[in-house]
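Consider the two complexes below, in which chain A is the common component and chain B and chain C are the respective partners.
Right after this comes the complex of A and B.
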């Protein structure tokens, strides 16, 4: 890591640690939600951007995580941290199964299959009212008995740093190289000795367990879990966040999630229009700036500040 | 009980015709542009609203209003294609299938949410084509609107098959779907064919929306279910095959309604009906990705 990067990380860390004391309770809540979405968007961007598997079932895994934790707490009285662990494991397991079943699919087939998976799951949750509470939702016990959201903030901050940091390590490692090789050409990757089956399933398992992690956090934080979290509109929001940030950039996805969520909240007096806005943002970015808005803007900014470093960074991104 | 099953089968046939309209549109778009249009259900929804406003604001009678709605949807779809899909044809873009998935997925989110603003979140219902119901099977009724929808849908399908097989435009479309290069060698402007295919596909969905509006009311989220159902049908019928799509649509419409009729807990029927189709599709994708009629797999670009 270069010196300017270290300085940047230090400033960001300080800012993140001090954030709750700089804003009021409402914006703290927005930030917590935004960071939860950041985990979803970054893990989706690992799966779609790096591994090239366009899953529209990502929110299904969020539901798997959330409902596993919620149901275990509700019916078995399992302590919530254990339930959350079980939720992450359940999402990873289902992710392995889905990743394995769609090994032979690519492109739109995979997108449709995963969309069907998440819709079947959502419909089942809505219909089985006795177990899940249906569309009205099920209540989930609180994780912390504090009067502020402070413990939740630091918990989600830690989860975000660990999961995105972990994914960035994966992306920079040989595994990340294998993911991108499979994305570009599966046969060529196999011919070069990449174990395609193993790494396709691995990408799915990593991404879905992190989606599940976000779900297990969401359930006790909000206190009520509804099937809406698994809807295609939420999926669209996460896709918009990842794409605005820049498909293949994990920090970009985090920045995209935080900026889109803050934008949506800042515009909440416009009611329904803000939902149109993120759809339009997604369309605009895809149509005119396929590399995203934030990651390229960041590179541009750096090239203005230090031309040589940025040229190197650009090489690294390639 | 038998009567009930028969009436469900008849309803299923009507729905099947509607599915066929939506799904053939999806298939035509796929076979020409080589993209799966994730916003197809939303174009169906827009078609329904176009029909509604043509009737209520312009005072056009319900029957011609369907054709007007189709014409508007045709132009609307071409506008979308020009605005959003042209990068698909440029050689500079890598991974075109991914672009197609994301841009149409974004479009579906956009259209669904803007429809809530433009048309309001509450269901709207245009006037009936013909009031009343026809008594069949002794005492059981089928509303005239359902008959009109099925008949109109069948007419449109026949017209479509005539258009695809007997007209120069249809044959040009067929040529482009088989090979873009060869088609351009014999002088077919493939870019114009992309416009035509997206427009025709949209118009079919729009026609279905306008025909079905008096039976089920219009709502901004009405496209979600038919969208996924259309994927089911298109994959059952084999991506890119129009006749396979029509057969698969009728099969799915009927079997889905029979599934509702035979489910032991009827209160869950309607909600599981959609899951039923999706589940069938997941099985087909797993075990017979070329569709039930075994058409050779269409290569994806």
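Right after this comes the complex of A and C.
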């Protein structure tokens, strides 16, 4: 990592640690929700942007994680941290199964299949009222019994750092290279010795388990789980966050999620018009900035430093 | 000298260039401007926070009517000089029918806008999420059109409800079916918590009174019920009553198909649509002549029981919005007045005072005399408006207003001598 990047990371870390003390409880709540969405957007970005698998069932895995944790706490009295772990594992397992089932699918077929999976799951949750509480929701006990959201903030911050850091390591590793190779040309990747089946399932499992992780956090934080969390409406929001941030950039997806969530809240007074605005922003991004709005902006910012650094280096050589 | 300068410059490479640091700092400050809440406490108006759906996927059509009604109440109160010499200001927050959006709205109203109390809401699941926020901050919340018994059953001292609740409503409907003398009932409910909870309560009443019935369910997303209705029509012995607990988009197609397939309403089989769509302003546009003879519940005060406040409200609402106000709008209107009354009676906007003011409320609104129960038996009775009006009406003409339709139950509000009028062929 370059020195300016390190400095920026240090500034961001400092800002993140101090954030709860700079804002009121409402914006703290917004940031918590935004970071939760950031995990979802970044994991979807890993799957779609890096591995080239367009899944519209990502929110289904959020439901799997959330409902697993909630149901285990509700029916078996399992402590929530254990329930959360079970939720992540359940999402990973379901992700493996879906990934395996979709092995021969790509493009619109995969998108439609995963969308159907998500809808089947949502309708099942709506229907199984006795178990899940149906559309009326299922109450989930809180993780922390504090009058402030501070513990939730630092927990989701830690989860975000660990999950995005982990994904960045994966992307930078040989696995990441294999993901991109599969994305570009499956046959060529297979001919080069990449175990396509294994890595497609692996990408699905990683992304699904992280989506499940976000779900396990959502359940005790909001205190109620409803099938809406797995709806296509929410899926659209996550996709918009990743696209605005930059689909092939994990930090971009995180920044996209945080920006979009803060904009949604800041523009509350505009009611339905803010949704129109986001739709227009999405159309603009897809037409004119296919790498997202934030990732290129960040690169531009870095390039401002580059000529000066190059000049300094030149002088040093002289 | 040159070497010294070069050394300094090389050392400087580890830091961000000053221009970029300034740019970053500027961007950071600009981005965080709206985050820092206004700390100055507004001295004058009494702020009340309204929560409810104003955009999809929530029930925004009803949410908008509730918002309009609340604005009417604030205008009326302010025209009379406000409360404690201060104006009422309502801040509206869209919850989109999503729990996470509801908690964000409640947090914003309480923390940022510093409202004295919250009111409104249309979706039970969202109200349940918002309740955790008001409970945390100890801010009163007067829930309006949310029927889940869990809301008041939680026993939070901050939470009140001025609408009906499932146990009250479905018990009333069950008792009417018994009194009307039906012999074989088809109970069809949407496959979700609302439909199944209602079906359970109605089934208990029918079982207790030894009335044969059969239970059916339908997918909440379904809009075509042809096969299901044909099967119901072929039932032996035939059903003499078709009770539908369905509030989704399929409610109107179900009524239309039931009519066009000759199942109900017919001289042999009656039909009841429960869930609120029967009194929706778009009802007749959607069902046409299939609605003649249909029964449904109405959670507003019936015309026969209207007081002067109801009459004045309905007249102004109709004049302004060109539609009859549904029960939810009346609830929202009365919620503003109830909170204002609680503040006036206790002379304070402190949370404890408003809660006490609501607990001791004895005020007549557009939906009758408001008092909130302090009993915990059953659990849902706590802070519940137990006398929340609900009636059963039966349309006997096409395009009939729900206000003018004959009321058949409960008998104290009935406008016709009969319990049920057999539809004509």
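Going forward, the second predicted complex is superposed on the first by the 306 of 318 C-alpha atoms of A that agree within 3 Å, B and C clash if a C-alpha of one lies under 4 Å from a C-alpha of the other, contacts with A are read in each partner's own complex, and residues count from 1 in each chain.
As a working rule, contacts are C-beta pairs under 8 Å (C-beta built on N, C-alpha and C of every residue); 3 or more make two chains touch, one makes a residue touch a chain.
Quick caveat, the model's predicted, so the values are computed rather than measured.
Trainee: For A:107 in the superposed arrangement: first (chain B), second (chain C), both or neither?
Mentor: A:107 sits against chain B, while chain C stays out of touch.
Trainee: Under the stated touch criterion, which partner chain does A:84 make contact with: chain B (first), chain C (second), both, or neither?
Mentor: So A:84 meets neither chain B nor chain C here.
Trainee: Looking at A:46 after the superposition, I want to know if it touches chain B, chain C, both of them or none. Which is it: first, second, both, neither?
Mentor: neither
Trainee: Does the superposition put A:156 against chain B (first), chain C (second), both, or neither?
Mentor: Touch partners of A:156: none, neither chain B nor chain C.
Trainee: Determine, under the contact definition given at the top, whether A:236 touches first (chain B), second (chain C), both, or neither.
Mentor: So A:236 only meets chain B here.
Trainee: After superposition on the shared chain, which partner residues are touched by A:272: those of chain B (first), chain C (second), both, or neither?
Mentor: The answer is both, since A:272 touches chain B and chain C.
Trainee: With both structures placed on chain A, which of the two partners, chain B or chain C, ends up touching more residues of chain A?
Mentor: Touching more of chain A: C.
Trainee: Is A:280 touching anything from chain B or chain C once the two structures are fitted on A? First, second, both or neither.
Mentor: A:280 contacts chain B only, not chain C.
Trainee: With the two structures laid over each other on chain A, which partner does A:123 touch: chain B (first), chain C (second), both, or neither?
Mentor: both
Trainee: Just checking: does A:25 make contact with chain B only, chain C only, both, or neither of them? Give me first, second, both or neither.
Mentor: A:25 sits against chain C, while chain B stays out of touch.
Trainee: From the superposed pair, tell me which chain A residues show up as contacts to chain B and also as contacts to chain C.
Mentor: Touching chain B and chain C on chain A: residues 123, 126-127, 233, 272, 275.
Trainee: Of all residues in chain A, which touch chain C in the complex?
Mentor: Spelled out, the residues of chain A in touch with chain C are 3-4, 7-8, 11, 15, 22-27, 29-30, 33, 123, 126-127, 129, 133-137, 139, 142, 147, 218, 222-224, 226, 228-229, 231, 233, 262, 265-266, 268, 271-272, 275, 301, 304-305, 308-309, 312-313, 315-316.
Trainee: In the complex of these two chains, what residues of chain A are touching chain B?
Mentor: 52, 54, 56, 101-102, 104-109, 111-113, 115-117, 119-120, 123-124, 126-127, 232-233, 236, 239-240, 243, 272-273, 275-276, 278-280, 282-283, 286-287, 290
Trainee: Okay, in this complex, where on chain C does chain A touch?
Mentor: By the definition above, chain C touches chain A via 6, 9-10, 12-17, 19-20, 23-24, 28, 31-32, 34-37, 54-57, 60, 93-94, 97-100, 103-105, 107-108, 110-112, 124-125, 128-129, 132, 136, 148, 150, 191-194, 196-197, 219-221.
Trainee: So in the complex, the part of chain B that touches chain A is made up of which residues?
Mentor: Residues 35-36, 38, 83-84, 87, 93, 95, 97-103, 105-114, 116-117, 224, 228, 231-232, 235, 268, 271-272, 274-275, 278-279, 281-282, 285-286, 289, 300.
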